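Alright, structures below, take your time with them.
In the two complexes below, chain A is the common chain; its partner is chain B in one and chain C in the other.
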Partner chain A sequence: MAAVTSLGETPLTAPAGRPRGMQAGRRRRLNIFRYTVFTVFGLFFLLPLLALARFSLEGATLGTWSVTAWKQIASYQNQNTGIPPLISAIEITLELAVITCAVMLVLLVPTMVWVRLRVRWLSRTVEFLCLLPLAIPAISLVVGLGEIYNRIQRISLSALMLFWVYVILALPYAYRALAAGLTAIDVTTLSEAARSLGASWFSVLVRVIVPNMRAAILNALILTAGVVLGEFTIAYLLLYTNLQVELYSISRNTPNAGVLFATSLAALLLTGVLLLIMSYAGRPRRGRG
Partner chain B sequence: MTRTADGAARTAVEVRLEGLSRHYGPVVALDRLDLTLLPGELVVLLGPSGCGKTTTLRLLAGLEDADTGQIFVGGRDITRVPANKRDMGMVFQAYSLFPHMTVRQNVAFGLRLRRIAAAQRDKRAMDMLELVDLSTQADRYPHQLSGGQQQRVALARALAIEPQVLLLDEPLSALDAKVRAQLRDQIRRIQLEVGITTLFVTHDQEEALAIADRVGVMREGSLEQLAPPTEVYSRPATPFVAQFVGLSNRLPGEVRGGQVIVRGCTLPLVDADTPDGQVVALVRPEAVTLASHDAPESGPLVGTVIAVTFLGATSRITVDLGDATILAQLPTADATTLPAGSRVALTMRPDPVLVSAGSELAARAADEEA
Partner chain C sequence: MAAAATTKTGARPARAGRRRRLTAPAWIGAVPFFAYVAVFLLWPTGIVVVDALKNPNGAWAFSNFTELANPQVRGYFIGSFKLCLISSLSGAVLGAILAYAVASGDPDGIIRRLYISVSGVLAQFGGVTLAFAFLALIGPVGVLFHASWYFDFPWGIALIYAYFQIPLMVLVFLPAIDGLKVQWREASENLGASAWQYWRYVGAPLLAPAFFGAMLLLFAVALSAFATIQAWENQIPYVVPQQISTALSSEVGLSNVNEADLLALGMVIMVAIVMTAYALLQRRAARWLR
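Moving on to the complex of A and B:
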């Protein structure tokens, strides 16, 4: 290939490469390796789920199919309201997820931005505090929060009050997701540029920083929602009823073992679908960086 | 006088920094700095890293608070005014365009904050983009632009809000040499066209000398000299300025009767009142002329060429005089006739020379090497 030189630029030369046959062979072997690993791990995760689904559809006689277990989940009704308690539990849990996500964002995003801009020396301390809940078992949290929730329950018995503890539980996951987002952008320069153009600190946060952290915020929301949707221990020990507690209650009160499998799969499917919706809703639009 | 978007005249303002000091713990970043920018003037602060030039600019912008001192813009004390109320446009060293906005939206951002009507905002944004020759890129995102284009958009964005003062913090340092030179000239052209008072910070001497009305050379938080570029270069006020701006040969000499004698050559002094005595003279390489030793016009200085450094249009020649080494800078066409190893005779052009006491210069040289 002829060399092309322009003023001030490094001459371009033909890349020293391997013969095309070797590259194609290497690529083929790499693809085989990838597909094999994907298939093995995919089966590792999918087979138990398929088994769960199969057992939930098992009929009275071994080897037959039946949707009885699924019908029984939907048919349990609250004797007072007539509303299936599972529906109420789903509603409460979704509301809890929304409240927890909102409180988490309002609490964490401005704090982390402020620490990054103004008090960097505090960042390690904040990180430690946010990651601390990972190291504390749920039972210890319940023991510590028991007295507080006794007082809260004098004001309100609603399961929505669980959002206080769920914010704490989700802190480590949300913190990590938001920290990754803050690291990916030059927060200092962007905020100083906005300030020099006349923006207040509120405008800097809302108009400049948050729009550039959409992916990180979405990740934090997904992780927070996942924590809330899947949480059982604290709700159960504090005598609240959320989705997981209700599914557990249903499975304990039925002679049909299929109901146990159906409730587990239902919880998994519901959580997965909701998180997929959140992920799809937050995908980047075409053209943006 | 500047022109607003609707053509109305707007008077350029004076900027005055009085007694500004800033410390970072035990480190003195600025030490009682006094600096005045005349209306419509472009002042460049030049100096090595850590000299306080960026700190000065950030104090003026309101991004940091001074420990002591005052800042006046157009006669108004703005020392305690927050950054977003100072009516200053700033271009940063790092690319500072908002990634989630198009070029047009970036330029219009400041106008949007000021609640300018959408139609007027768009027109102003396009006017600014035309000023920087980027009107065709209005709907692109920053990541789709080159570095030079991004800095031009940043300049347009800073000017769109019609600030009283324009601040540029090493805006060209992230760009390659060719783009840097082009953008530097464009910035100067726009600054003259708009007529805005401007403070430009850089560590690049060529940039400073090329565009400034006045250059302020800084060192360790203080101004060493504030003067037009030609004066800073040809009549440096201190040895630091002489050695930081351009190259200098340090040659022993003797001051006698308002002149200095350096290796037999009598040269005028920058400061004619320098007392008689032994000194070190700072002679510019371009003030040294070379001729082949066999040529009829030979001088009192004879040496051997030990190195020729090609710099493009000029070349730098290192000559060994036996007891000293001297640098000369010649047009390359002349330098090619004097290869390494050839015997040359030197003469010095009678340009005014800065001198300093030998001990002072030796101490500075030791500091630099440390």
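Moving on to the complex of A and C:
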């Protein structure tokens, strides 16, 4: 989040690099415009987070400072079970993110490569199905999911079962990232070369194609994890507890608002830092293409 | 069935290769994917559509659609439409300004890279926590000030939505601005055009399809958003998703209709219309952005 504030200052050292064929006066006006825009939007994006931070450090009376709320995150007890619900909710959400990412990869990468190599005529259908969840809001999907989850719950009651539908929710984002990676490499030539050297389809996929689209796969994983970490609608309406649902129920039940704000901020920072790290980890490889 | 489908996928290409000698058609390889999507996307959608057209006793009742004209139900749709219009319009305009400010800088500069990754993160920041952040900022005991309109329906929540709509607009619209060639600007300047004339006769017409396409995307996003508005105000349902949630968790509602299914179908239809228009506009915009 500190990234946003620094935006206002950094342009001073980096001159507008692209030759735009503009007169000096016009460029100066453009730069004033840019700094103003960066400052205003930077404030807009930063202030709510700062407010959240301030509230999480609120003492017993308004206007005082204290770190009690942060200490209470780990020990915040549910009166009924005695297990810290926040910790278990965070744990479940992270596990869900990992499982969803894994299933997404195993399901989507082989299918997309296979369709591209061998069954081209299916590619429009696959694309349509992958983008379809954008047109069917989660809130609509959940109405029909009730019946299906009734059956799943006969087998397992674990909240981890949410991954089945989270894969669907993340499908459009993962598909787009992977499709961009697939078009960037020559899949046909690569696989023909590998096949003529005696590779099985499995090693074509795992040892030739996947390493060549590592950046795209990483992007797909980031987006998938992002979807899972922020998901509320489906978990809430199917009566599962993930991080967002737990935060929501704390906001309804607890008299201690500090815990709520501290956890919200912790969740935001956790997600943000995770996504930023993952997106930077993927960057240097992209240039190699 | 679905469990079997996913476990198969890992080894699938190898097996399909072996099967080829047995002349199994190549599309067999795509079966696990289709099975998964069928079970977890197409089937629930089918349930919604079918149940929306039935009464609770299970008999077909196509007259259910007249319930959409019921003033109470219509109110939720109007509320959704109002909120989406305001938030997509403001998000698109402000996001476009920010995207232009980002695009006019150094293309490899640190500002641009930072802004793109930060936008990627913020565009995902919907959800419960976002509502709490604004509550802390301008809520009844807000740090900055107390906005008396914080709990007013379209405006308070539209401001909160702007927090993820603007970054989303930056992500979607930036490629379009990058597609404006420097040569076009130089050509118009050589012909003596002022900055305003350049934007009026060259820039704006070129960017219009991409702009309205992106706006439709924001509209669809705002339409299906639920977590943020539910955390913002959960007593009064203002928009369709909230009412679906209420209908799902209580028996109160329209007496002879599967209300949740009907509303859900209404949402699907609305989003489908918007997304189709989006796809058409994107195709038109793509013409210039090569």
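In this section, the second predicted complex is superposed on the first by the 228 of 289 C-alpha atoms of A that agree within 3 Å, B and C clash if a C-alpha of one lies under 4 Å from a C-alpha of the other, contacts with A are read in each partner's own complex, and residues count from 1 in each chain.
Please note the rule applied: a contact is a pair of C-beta atoms (placed from the backbone, for glycine too) under 8 Å apart; a residue touches a chain by one contact, two chains touch by 3 or more.
Everything quoted here is computed from the prediction, not taken from an experiment.
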When the two structures are overlaid on chain A, which partner does A:Phe202 contact: first (chain B), second (chain C), both, or neither?
second
For A:Leu141 in the superposed arrangement: first (chain B), second (chain C), both or neither?
second
Who wins on chain A residues touched, chain B or chain C?
C
After lining up the shared chain so the two structures overlap, which partner does A:Ala180 touch, if you call chain B first and chain C second: first, second, both or neither?
neither
With the two structures laid over each other on chain A, which partner does A:Asn212 touch: chain B (first), chain C (second), both, or neither?
first
With both complexes superposed on chain A, which partner does A:Val119 reach: first (chain B), second (chain C), both or neither?
second
Check whether A:Val98 is in contact with chain B, with chain C, with both or with neither, and answer first, second, both or neither.
neither
Between chain B and chain C, whom does A:Leu276 touch in the aligned arrangement: first, second, both, or neither?
second
Where chain B and chain C land on the same part of chain A: residues 200
Along chain C, where are the residues that touch chain A in the complex?
2, 6, 9-14, 16-17, 26-27, 29-30, 32-34, 36-37, 39-41, 43-48, 51, 94, 97-98, 101, 104-111, 114-115, 117-118, 120-122, 124-130, 132-134, 136-137, 141-144, 162-163, 166-167, 182, 185-186, 189, 195, 220, 223-224, 226-227, 230-231, 234, 240-241, 244-245, 248-249, 260-261, 264-265, 267-268, 271-272, 275
In the complex, go through chain A and note every residue touching chain C.
1, 3-4, 6-7, 10-11, 14-21, 26, 30, 33-34, 37-38, 41, 44-45, 47-52, 54-55, 62, 103, 106-108, 110-111, 113-115, 118-119, 122, 126, 129, 132-148, 164-165, 167-168, 171, 200-202, 204-205, 222, 226-227, 229-233, 236-237, 244, 247-248, 251-252, 260-261, 264-265, 267-268, 271-272, 275-276, 279-280
Chain A contacts chain B in the complex at 8, 185-186, 189-190, 192-200, 203, 207-208, 211-212, 214, 287-289
Show me the residue ranges of chain B that touch chain A in the complex, using the header's touch definition.
61-63, 82-90, 92, 94-100, 109-110, 113-114, 141-143, 154, 157-158, 161, 167, 177-178
